[in-house]
Amino acid sequence: MEKINKEMFTRISTQDHQVQEMVFDTGATFFKDAWKRFRKNKGGVIGLFAIIFILTMAIIGPWLGTHVYNELIAEHIDLPARVPFLEYFGIFDGSVNGFNPYIKKGLTDVYYWFGTDNLGRDLWSRVWMGTRISFFVAFVAVTIDVVFGITYGLISGYFGGKVDLVMQRIVEVISGIPNLVVVILLVLVLKPGLTSIILALMITGWISMSRVVRSQTLKIKEMEFVLAAKSLGASSFVIIAKEVLPNIIGQIIVMTMFSIPSAIFYESFLAFIGLGLQPPVASLGVLISRGYLAMLTYPHMVTFPVVVLSTLMLSFNLVADGLRDAFDPKMKGF
Amino acid sequence: MKYLTKFVSLLLVSFLIVGCTGGKDEGSDLVLKVAKSSDVISLDTHVATDGVSFEVIKAFTEGLVEYDADGKIIAGVAKTWDISEDGKTYTFTLREDAFWSNGTKVTAGDFVYGFQRLADPDNAHQYSYLVESLKITNGADVIAGTKPVTELGVKAEGDYKFVVTLDAAVPYFMQLMTFPSFHPVNKAFVEAAGDKYATTVEFLISNGPFVLTEWISGSLIKFSKNEKYWDKAVVKLDGLEFQIFKDYQSAALEFEAGTIDVTAITSNIVDRYKDNAGYTEVKLGYVWFLSPNQLDVTMQNKNLRLALAHAFDRAQIANNLLGDGSIVATGIVSSGLVTGPNGKDFRDDSGAFQTMDVAKAKTFWEAAKTELGVTALTIELLVGSPETDTGLAVGTAEFLKSEFEKNLPGLTVEIKTTIKKDRLDLMNTGGYQLGLTRWGPDFADPLTYLKDLFETGSPYNYPRFSNAEYDGIIASVSPGGDLAADLNVRWDTLKQAEALLLGEAGVIPAWQTGTAMLISSKVTGIEYHVVGMPGYKRATKVE
Amino acid sequence: MLKYISKRIFWSIITLLIIVFILFLLLQFMPGTPFDDEKLTEAQRIIMYAKYGLDSPFWQRFGIYLKNILLEGDFGISLALQKNQLVQDIVLPRLGISIRIGLQALLLGTTMGVIYGVISGANKNKWIDTITTFVAVLGVSVPSYVFALLLSYFFGYKWRIFSITYRHGAPFWSSILPTISLSMFVMAQTTRFLRTELIEVLSSEYIKLVEAKGVKRIKVIFRHGIRNALISVVTILGPLTVTLMTGSLVVERVYGVPGIGDLLVEGILTNDFNVIVMIAFIYSSLYITMNLAVDILYGIIDPRIRVAKGG
Amino acid sequence: MEQKPILEVKNLQISFQLNFGTNHVIRDISFHLNKGETLAIVGESGSGKSVTTKAILGLIDDNGCVEVGSCLFRYQKDNKDVEIDLLKCGKDYLQKNIRGNKIAIIFQDPMTSLDPTMKVGRQIMEGMLDHKKVSNRKAAVKRTLELLELVGIDLPEKRINQYPHQLSGGMRQRVVIAIALACEPDVLIADEPTTALDVTIQSQILELIKDIQKKTGVAIIFITHDLGVVANVADRVAVMYAGKIVETGLANEIYYSPKHPYTWGLLSSIPSMSGQNEEILSIPGTPPNLINPPKGDAFAYRSEYAMDIDFEEHPPMFQVSDTHFVASWLLHPDAPKVSMPTVLQARIESYKKRGDQQ
């Protein structure tokens, strides 16, 4: 108070002080905000790290091991996991059901970190290669079905009316057939293999994306800024690309994150019933289905791919959850 | 994970509280419980083609003759039988105390009807070709539809005399009479049942040691002892149960728990049970082989086929990959199938072919490359993916790929997996290069392989192997051929034929299946055969 | 309301017919035939084709099939799995098993899901919420067959508590593991959904007003929160049924449950067309009926919709 | 009037924890409510008026926190005078003794403030039954019917069994009021009770509230952003801006001789009641963000009367009369003399006239 003096009571123009106002910009900071919120979500962050780790391992993992990928060594079949150093602690020491095949076979300085399969192949490199393939299948399938789903949803939602009616009938019919049935039949019709699986996943995967995009589009197209753009004579394409799409991008990203694990699951299920990739190419699903047959005897064959697969799916879901919360304005603090 | 376990336990507890009473199987006395990996496809003796169906049919019907435990032919519905001097007429005298489970007598007419029904082209029964291989008079014409079924060379002389006439002497005739397709069929019952015949237990009658009492699709096939069976004194079991376990591991666990008496196990889990008291390996007649399709230009190259034939380690497949009692197939005719006039098994006597020899394989490979004018080659290996009874077809294919690529530099093998039906379709229509397939013997004679699979024009000739000399040899040893009569000469000629076939690498045998079985020590008397179905008639079990 | 329902039913039937057509078309292109067998000759195959009417042109076949289904409820006979048997005779007994296990799973899953969802939603951001949320994420992300493997390994094999496979003699006892495996996803999904709903409901104005009335927190949650949140849980019953169907394909295979999921896979692997179409038909009708039922149910339990439509 | 006020808020500071930082929503406010009177708290949305009242009942969201301050509430419990600090007594105590029972609240939007799945009758009865104000259900029904009648709902027997969505907005708000009155509270907080309603319904509800106060003698805190609404209802008015009270006084003082430029702004922005084409002035700009509250007088940024000091120091409360306080440097003796805009002046004159006529 002591600083108060008469001069301070001169009236001034408000413009001089406008700069002090906190300016909240939308748009560019939208993702920054989302990212900030996402970072607070422990599950999401852990999931993100797990995905990055698994992805890294899928890229470099096969070469980290000491064995050649896909090499069959008949003398080394059915070996459980054995890791140097850890073996002294009684884990990963290569024993199974009470005996140690490494010792029995005289392979004293052979180490397979994840063990070998029934053809004597190194599971470490197969698991990571399998992860790579699962990733690949999921990414390609999801990328394509996301693009298709978005396009479909945008058109259906934006143009509405008869277009929407017809397009939604089509969606209704397609979604009436259980996905798995369609996927199995398509894979068979197209002959089992990588391309067929991707194609089959694609054909069935876009539905949910298109639904979300459509409902969001319906909401957004009634909003004032879109109506304004319309009245200014902007073309539909411009409106969709510049006004609608940027506003539903959050939802799209979240949906995409949810689609990836489901694609991975479908692929692994196909493998499980024996309709997977062409051997010796193996995805996680293939490894699980093969390992499952020996679960009683050599549980390591199924354990490692199951752990990786489950972790991967879990992580994607955690990240998707985190993103959803981050993008969802409803969850905003206040 | 730890939490998950806790959580699951919690779930369970809550579920248990909701109220459940653990149902246990009711303990019936002396019921043999057998685990099967697949369900019955058909109970109709003529429609059935698969192992489980035949095994079931064999348990509730009986043919003219049967195998005993050692594979000798013994009386069935036929008390005695006479073979004419020229070996072309078989006269069976049927026992008069054989009854169908509905009380009617089993008569010669039932056999006549059964044979005719099998051969009837309208039915397109898969095993009708056996009528042809048996050289039953007019058989080929009836199947082709050019003569009515009544012209087939079978007749009933009264109720208890059944006569079959053949165009030529067939050495394996009696063996085939044990085959379920030649079991009697009750005409009146079939016609009364119409389309429903053999589709459910109600529309079925039996004349064998057991009666089928319950068939729950996908889970259970139940038999009880047939009180009307003529030889019921021999049947010790009160009942028989086939439980269906899609997964061998579950079956094995049930075996451990004592709820199952007999189960097969796959190589994947053999290691776990090798030391089990109940562990047995049963040799089966199925031979798995690589079929090089000679409609394919590349596969027409003999050197290539030979290179492949010598380039892989069969012992690894049989002993390490499978390890379930499977053995190396040194030739196409299975071991234990037939014993020759010299008292030797055909397999041992004929010798080992296409043994692994990498150097030799490489030589053939070089020659093949030169002839084909290539430095590198890609071939496609067709394999059925979920082949139910052999989970390991794909694994074997992967092993073969690795062996071929390792030993024949420049060769790339692409594995093509597809469902079994599609694999067979492709092999039937010739749309493949190299296929992994199998053949089970239908009767105890080398011809079951050599003739049916590799004679020019045979419908089962997947490799499209065609060799005039070979066809000549096969014709000469086939029923009615020049050399068919002299058993010693025939034997040697058959060996010669196999040598020719395998020398050409018209086919590349890989292994002969064995099945690792777990049979409870309480059980005795189940009869397993290389050809034909297991017999449960004389099986027994102590409590 | 009645008009709405009849309109929905009409469209459902149209949808079903289109689905049957699509399946028929797909099956047309299936590789192999139901008759491929090691020992069946080409000539015999042609006879078989003629015998079962598979040699006639596509439209004619489809017409006959449609006529048989619609007029006689006849789905044809099995071509490969259980030869010559009426498909409905094979499918219907198995459908019972599948539905029973499905319902058990639905019941267990939604019950547990509601409990967890309420615990989690009412204790938002507390440790118990974190745990239940994590379990729920685990439930939706781990494939059902992995659960099936885990459960059968530990409970069936390691500890020998439950039967490892479905047994006809003990239909309930041996269906516990399949039920649990199947219910995991339902449980997780319900938990997640209910949690979100409950949080939203609990943060709504009317809950604030109830709190302002001085009603106890626990009463607020039970009397108002759950009541309102549960209404929307009904909407996910439709999608959950689909999940159960998909799940049953997997779980029935692992546990050897002789249900229709397992039969469908077998049918597909053996090209048994009639079996495939009938099961897919059942699945689709179940799904469509379920969606319709959910819509109607939603209208019944939510007074807002109930009256809006009624008046 | 030497009776102690029934409710006394002192130096209240509330902040909300957000992802980006702390939002200082309430920045040191004090006010009191006397028995039986109506206090209007007026301010733009976001000025913190709702938060204040929610804080009194302990209803602020989980991320909100009362940093400093007290809220003394005096009431009778078992015929004894009790004085407690509502901010410190714990949620259980609030729930058992205060909420609904002694202090009731009416929310802004009747569309969202009723449980859509419960019949209105049950919603009204809920509070009485829980607080044991009635002995049994039958009595509760009887009381509910009375309440419905009191709040002016016709056919109460029918309405009692209806769901909220079957009622119009005005009726719903009447139900909400009935809920609030169910336990005969000492204080009624009306949080913008008419904002979401049509103009005609608005005045009906206002009349109702006035009427109820007459009948029951309940003290009312009336929160609004619209000074016009409370003109006929309020005994005293407190004007809030950016988490602070900037001007408080008797209704007449605020309406007829407002001193704070913000109050001027608010008064100017009241839509004309006379229906003549008067100039309506709106206040330029938006309220400041309170995560980083501006230094000095928060309103200065929007005020055309801003002075240098406004950006340095927050003004203290200058007392104009016994009841009239203003937080503006303009009342500092050193400040240049400014007077309210002429438009407003004209308006006030017309109000006065009308007021005299009435």
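We just call them A, B, C and D in the order they show up, numbering each chain from 1.
The rule we apply is simple: contacts are C-beta pairs under 8 Å (C-beta built on N, C-alpha and C of every residue); 3 or more make two chains touch, one makes a residue touch a chain.
Please read these numbers as outputs of a predicted model, since none were measured by experiment.
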Comparison of A-C and A-B by number of C-beta pairs in contact, larger one: A-C
Farthest chain (mean CA position) relative to subunit D: B
Computed distance of Cα centres, subunit C from subunit A, in Å: 24
Centre-of-Cα separation between subunit B and subunit A, whole angstrom: 47
Geometric centre distance via CA averages, subunit C-subunit B, whole Å: 39
Centroid distance [mean C-alpha coordinates] between subunit D and subunit B, Å: 91
Shared interface positions of subunit B, touching two or more other chains: 249, 253, 386, 418-419, 422
For subunit A, residues that touch 2 or more chains besides their own: 188, 191, 273-274, 295-296
Two or more partner chains touched - positions in subunit C: 31, 134, 138, 157, 253, 268-269
Of all residues in subunit C, those that touch subunit A in their complex: 11, 15-16, 18-19, 22-23, 26-27, 29-31, 133-134, 137-138, 140-143, 145-146, 149, 153, 157, 200, 242, 245-246, 249-250, 253, 264-265, 268-269, 276, 280, 283-284, 287-288
Subunit B residues within the subunit A interface of the complex: 248-249, 252-253, 266-272, 313, 316, 320-321, 385-386, 391, 394-395, 397-399, 401-402, 414-419, 422
Subunit A to subunit C touching residues, read off their complex: 43, 169, 172-173, 176-182, 184-186, 188-189, 191, 261, 265, 268-269, 272-274, 288, 292, 295-296, 299, 302, 306, 309-310, 313-314, 316-318, 321, 330
Contact set on subunit D toward subunit C in their complex: 54, 57, 59, 61-62, 91, 94-101, 104-105, 107, 109, 112-118, 123, 126-127, 130-131, 163, 165-166, 176, 179, 182-183
In the complex, subunit B residues that touch subunit C: 3-5, 7-8, 11-12, 14-15, 20-26, 39-42, 44, 47, 49, 121-122, 124-129, 195, 198-200, 216-220, 243-247, 249-251, 253-254, 257, 386, 418-426, 428-429, 437-440, 459-460
